[in-house]
Amino acid sequence: MRRVLFESEHEAFRDSVRSFIDKEMTPNYGAWERAGIVPRQLFTAAGRLGLFASVPEQYGGAGITDFRFHTVFCEEAARAGVAPAAVGLTLHAEVCIPYFLGLATDEQKQRWLPGLADGTLIAAIAMTEPGTGSDLSGIRTRAVRDGDEYVVNGNKTFITNGINADLVITAVRTGEHPHKGLSLLVIERGMPGFERGRNLEKVGMHAQDTAELSFTDVRVPVANLLGAEGEGFYGLTRNLPMERLGIAVAALAQATAAVEYTIDYVRQRTAFGKPIGALQHTRFRLAELVTEIDVTQQFLDRCVIEANDGTLSPVDAAKAKWWATELQGRVIDACVQMHGGYGYMLEYPIARDWIDSRVSRIYGGSTEIMKEIIGRSLELG
Amino acid sequence: MRRVLFESEHEAFRDSVRSFIDKEMTPNYGAWERAGIVPRQLFTAAGRLGLFASVPEQYGGAGITDFRFHTVFCEEAARAGVAPAAVGLTLHAEVCIPYFLGLATDEQKQRWLPGLADGTLIAAIAMTEPGTGSDLSGIRTRAVRDGDEYVVNGNKTFITNGINADLVITAVRTGEHPHKGLSLLVIERGMPGFERGRNLEKVGMHAQDTAELSFTDVRVPVANLLGAEGEGFYGLTRNLPMERLGIAVAALAQATAAVEYTIDYVRQRTAFGKPIGALQHTRFRLAELVTEIDVTQQFLDRCVIEANDGTLSPVDAAKAKWWATELQGRVIDACVQMHGGYGYMLEYPIARDWIDSRVSRIYGGSTEIMKEIIGRSLELG
Amino acid sequence: MPVDRLLPTSEAEDLIMLTRELADKELAPRADDHEKGEIYPEGLFATLGRAGLLGLPYPEAFGGGDQPYEVYLQVLEELAARWAAVAVATSVHTLACHPLNAFGTDAQKERWLPAMLAGEAIGGYSLSEPQAGSDAAALTCKAEPVTGAGGELTGYRITGNKAWITHGGKADFYSLFTRTAPGSRGISCFLVPGAVEGLSFGKPEEKMGLQAVPTTSAMWDGAVIDADRLIGTEGQGLQIAFSALDSGRLGIAACATGLAQAALDVAVGYANERTAFGRRIVDHQGLGFLLADMAAAVDSARATYLDAARRRDLGRPFGRQASVAKLIATDAAMKVTTDAVQVLGGYGYTRDFPVERYMREAKIMQIFEGTNQIQRLVISRELAQ
Amino acid sequence: MPVDRLLPTSEAEDLIMLTRELADKELAPRADDHEKGEIYPEGLFATLGRAGLLGLPYPEAFGGGDQPYEVYLQVLEELAARWAAVAVATSVHTLACHPLNAFGTDAQKERWLPAMLAGEAIGGYSLSEPQAGSDAAALTCKAEPVTGAGGELTGYRITGNKAWITHGGKADFYSLFTRTAPGSRGISCFLVPGAVEGLSFGKPEEKMGLQAVPTTSAMWDGAVIDADRLIGTEGQGLQIAFSALDSGRLGIAACATGLAQAALDVAVGYANERTAFGRRIVDHQGLGFLLADMAAAVDSARATYLDAARRRDLGRPFGRQASVAKLIATDAAMKVTTDAVQVLGGYGYTRDFPVERYMREAKIMQIFEGTNQIQRLVISRELAQ
């Protein structure tokens, strides 16, 4: 169905994104998958493309916060089959930078925003710990005040950009209260005692670095506190709706791309003397998939508009996140099946999509957590 | 999620509809269910409400074709638990009247539109025959030209408003070509040889009359031909997208109402000392249902806007129809389950919704036909 | 085409043949009219009893059939394929015989069991109360001792309301669970007569389906029953109820499978006859695959309940398997009957074909004998170590 | 906790115990490293062969185990629960022995079968071609007669390409299906050696899973094999292939069930240990119900393939049941393994836990031995009268 989301500037940006992906990403993608990481230069190139434009002009950005540009980038990365290499970029752009925009002091902004805007400083956010998932009250990494510094000890895991990151927004415990005892510290590359563990071996998403981090008596200046002490929980939760919408948008983009590959495939592949697209079952399955996608696209497009207006509720973002990622799983699985044996071979992009996409139902808050959020909002008793 | 479909005039209409339903429908609904039909006066009352406002002013209507009013009516009928009694009204308003507006000659308009507008003439459409479903090429009811008349012989079945109807738009065969041999004749109450069979016993939808019709040497003036001879197929298909969108809108409205009943129920009903809404499974299921509904609502609202603009494609209408009606089935079934044994008892509206709703996946073109339409549009081979 | 069954003995094969003949003659032709008219099939259960079908899994010594559950359940399935309400009532009757057979004294068994197993006395099961569905500890209906002149126990006075009684008001006896003391160990089981002063029944519930056999509430207004109608000991009621639970679930799993089989048969028959766009609709792939999934669901449901039944017959634990069977078979029945309506299109929605009734009948099977959510709770608790 | 199995004999129980011990010792500890490194487990199949696990459903006279399918498949399931690739290769080997056992002459059987059943010669199965998946009539690889000086038939020259060969390049023999004449009655079956001049194999396919055992294509470039390697008669190939089809599907159904069981076990173990919001996650109802559905799917898949196997063992028709079993079991495995990843959350997506591998392994089971769409086609054709 026709979409009413984009204006002409977004379509112009789409052209730039396409040529960026063709030139900077697609030729190197195989090498990045083998390396398990993208190079730092990809971030500076993305800065030139304008992906970090939400940083205000005085700090080197364009001051444009329009989620539609992000949507365009996700759609094109999915279409080109390089979505995993885009995850670190979008995390930097749409998750980390908003923390700085919303919480940093002027002094902090001057220190960090210019580098974040041009991609020379790469950001990550470290929330999850071994043994704690979405349950923030279980965070045990501890920051003890000592004069003008905090002394930080603890471990984090599943950190996207964990290897590349220069600035790690780290959730630490500064008090005992499950929520009010949490604060955010920006821990910088090179601080003594800050070690990166192994780049985790994952089922898919190989071009994206996901690491364990450890902190042993890391001394972090109080000047690196993001937001006030004890307001970490607020900081961590305020940006979640946008993060979840971003995952939903990427998930739907990938499902859409998968259906496009599959339509091409079933038109070409023959069985019993006809293209398999001529079989009624294939036709029905694809009819189902394009319907699901169309229906969901209109919903997400509305969410994007609300996100731009600042009215997107956490509950609606939770709906978008679980629905779109579960849809992505269903759709891509069906597309693999329509490819038959070829769908199991990694040379076909659909096979990679299948293993890459499994995680989207888990990160950013699992499907179960989303349902908990929505269910609670219904005040059932 | 917030909807952006309605303007203030629609909300004002919603108030009128609510009081109309409270006054005219709810008190009599049980009696209509037992009788298997609504009284003719309901149509004239609906005429006064403005439900047939698409008829131009010169013929007694208001000349307003805005599908949003129809949407409001469906939503309120579902919420009040009287949707089956609304089916005949909406068929008259949104399926039959458009045939006359689009195909009738001026002379025909003068004859029929005033009655259609005030509800004194009730319309039906007779397409399906015993043994033919959506396969129009199988129509066997025959109209043979004899001077200024056609002589009509044949049988029709599953005719909504079949008992109440005064004007039956009847698909007849005037030639051998599967499609170009079809024409539409308006057969009027009282024409000799036009008999109504039994009001069919259905699993649900008891307040709505669904009948078999038979035609034995019925002499119908050529002046009753709607559209040109041989253009019946065109006539039958041009309004299908709107008809299907109407079914989708009603289906989603009913699913929404079912979830509202169920939320009320689980807040009150206790098990093991707590409201069952406090059980995680209940919370998750309802979270799923409200998400599906919200996602679909945004899609249908876009379809309604496109319908008003005249740009709704047959393929998008097919998507809306099968998706919303399948969703309706899933949602209402889950709601019955959450009611436990009470959900099986007809005194609870959810039990009635369950049996009423099964047909929506069948009429107006079954789910399978919708998928065929969508699948063909993908040109898979 | 009859179901191709794996049966352990030739005697069992004969029993299935007999069941099919009887059911084709006595059940199938009457089901539609009785269900539409909500008319109780007077005398039908006596006929089933005379054929030996109402005491199948019980000892021959008391007139039972001494059949393993593997066979009894397949008989139930054949009945359900012709008339679900009769099969469900048969399952409930069989369940109602269980407390006496398993916990009664020899004297009690000799007195009552032969008539019950011969189907001369039809039974109902009365555990639920209006505000206590699957939550037996919340029961409030109570039985208080009545003493004779010498202070000896002569009977019990029963006061309170029960709900959801299949065959309520029609049955000759009920296995009744009431409270004789506070707490979950204060429930006792009684074999009570169907008619006694102070016992009355509500009007039949208006159900979506299974309308030929009434479901009612019961009002106990101080009715007094003899002391020897206590089954087991005072306070043993929940133990007795729990011991019957798993077997009852298997009964429903078998009924659901039979119902699904009937819907599949109608759908396949129709799809082989009806044509659209120049071909039989069974030859359209979209519909053929739907029928294939329906057939797979029925086969798999049957295999699942038989696995549980064989464990029961071997004396092995089968509680988890019974819950799995109830969950799988009733969900399958709901899906298969719903899809059967779809296969028949508009005709499926009319009362001219039985599939709409099957669909209405399937829904309750996901709900009674413990909703499928309760089954999931049982299974998940077993998984929690 | 080991699976509680219904087995027909105490010998079968011993066999299952032996399999578990062997698999715990030889398969489970090595699976992860071999799969990650894509390293073929040299010598492992010889070990399985020495334990008697590679000829289970074949006659004792030739060194087989003379076990019913009901037992053989449960052995396969136990293997699959430790290492799916090995179980699949075992199923393929067993399938590859079938043409010789069922259609070979006594002389052929005496010559080759004992080594095959003892696992001294491991077999592959070579039917598919690049452009002919489940469409056997479209095969183009051909075998042309080679004659000696006196014009007598001495061998066949084979030319063409085959695809999707499990164990390709590693196996000692292949049951090969090639064209000896046009049309569907022009396919013949040969028992060919794994190494012969003019036969080469493509590089292993880069698969999503089952990486320790290669899948390759084969290029036949005029290789000549002896005439006595023809199994059955010329043109009997499709008949032979079809006769093995249903048994092969049961093998995959058993492998899928074992895989699903393994995923369930990991998920249940994790859910019993991990806590969130102050409780074990198994005690959160949303997750408990998910686990219950997973357990029900596994139990039901097992019951379904065993029903088909018992029919085969009794000599009754089982083709439809085999398709139902393959469809139900592999769809269950996909669902259960996918949900297991979800239960483990982020950990499930890492290679630190095996469930991500299980999920990748499950996907192919819905595809090979006839995609599940083909199974639906088989079932729906059976329903079309």
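Before moving on, here are some points about what is shown:
Which chain is which? They are A, B, C and D, in the order written, and residues in each are numbered from 1.
Going forward, a contact is a pair of C-beta atoms (placed from the backbone, for glycine too) under 8 Å apart; a residue touches a chain by one contact, two chains touch by 3 or more.
Predicted model, so just to flag it, every value in this text is computed and none were measured.
When you average the Cα atoms of each chain and compare centres, the chain farthest from subunit C turns out to be A. Between the interfaces B-C and A-C, more contacting C-beta pairs are found at B-C. Inter-chain centre distance (subunit A to subunit B, centres taken as mean C-alpha positions): 44 Å.
Centroids of subunit C and subunit D (each the mean of its C-alpha atoms) stand 41 Å apart.
In terms of their C-alpha centroids, the spacing between subunit A and subunit C amounts to 52 Å. Along subunit B, residues 280-281, 283-284, 368, 371-372 each make contact with two or more other chains. Counting only residues that touch two or more partner chains, subunit C has 284-286, 289, 373, 376. Looking at the complex, you find that subunit A touches subunit B at residues 1-2, 4, 263, 266-267, 274-278, 280, 282-284, 286-288, 290-292, 294-296, 298-299, 302-303, 306, 311, 313, 316, 319, 322-323, 368, 370-376, 378-381. Put simply, subunit A touches subunit C in their complex at residues 279-281, 283-284. On the subunit D side of its complex with subunit C, the touching residues are 4, 6, 268, 271-272, 280, 282-283, 285, 288-289, 291-293, 295-296, 299-304, 306-307, 310-311, 314, 316-317, 320-321, 323-324, 327-328, 373, 375-385.
Within the complex, the subunit B residues that touch subunit C are 128, 131, 133-135, 137-138, 157-158, 200-204, 270-272, 281, 329, 333, 336-337, 340-341, 343-347, 351, 354-355, 358-359, 361-363, 366-368, 371-372. Of all residues in subunit C, those touching subunit A in their complex are 284-286, 289.
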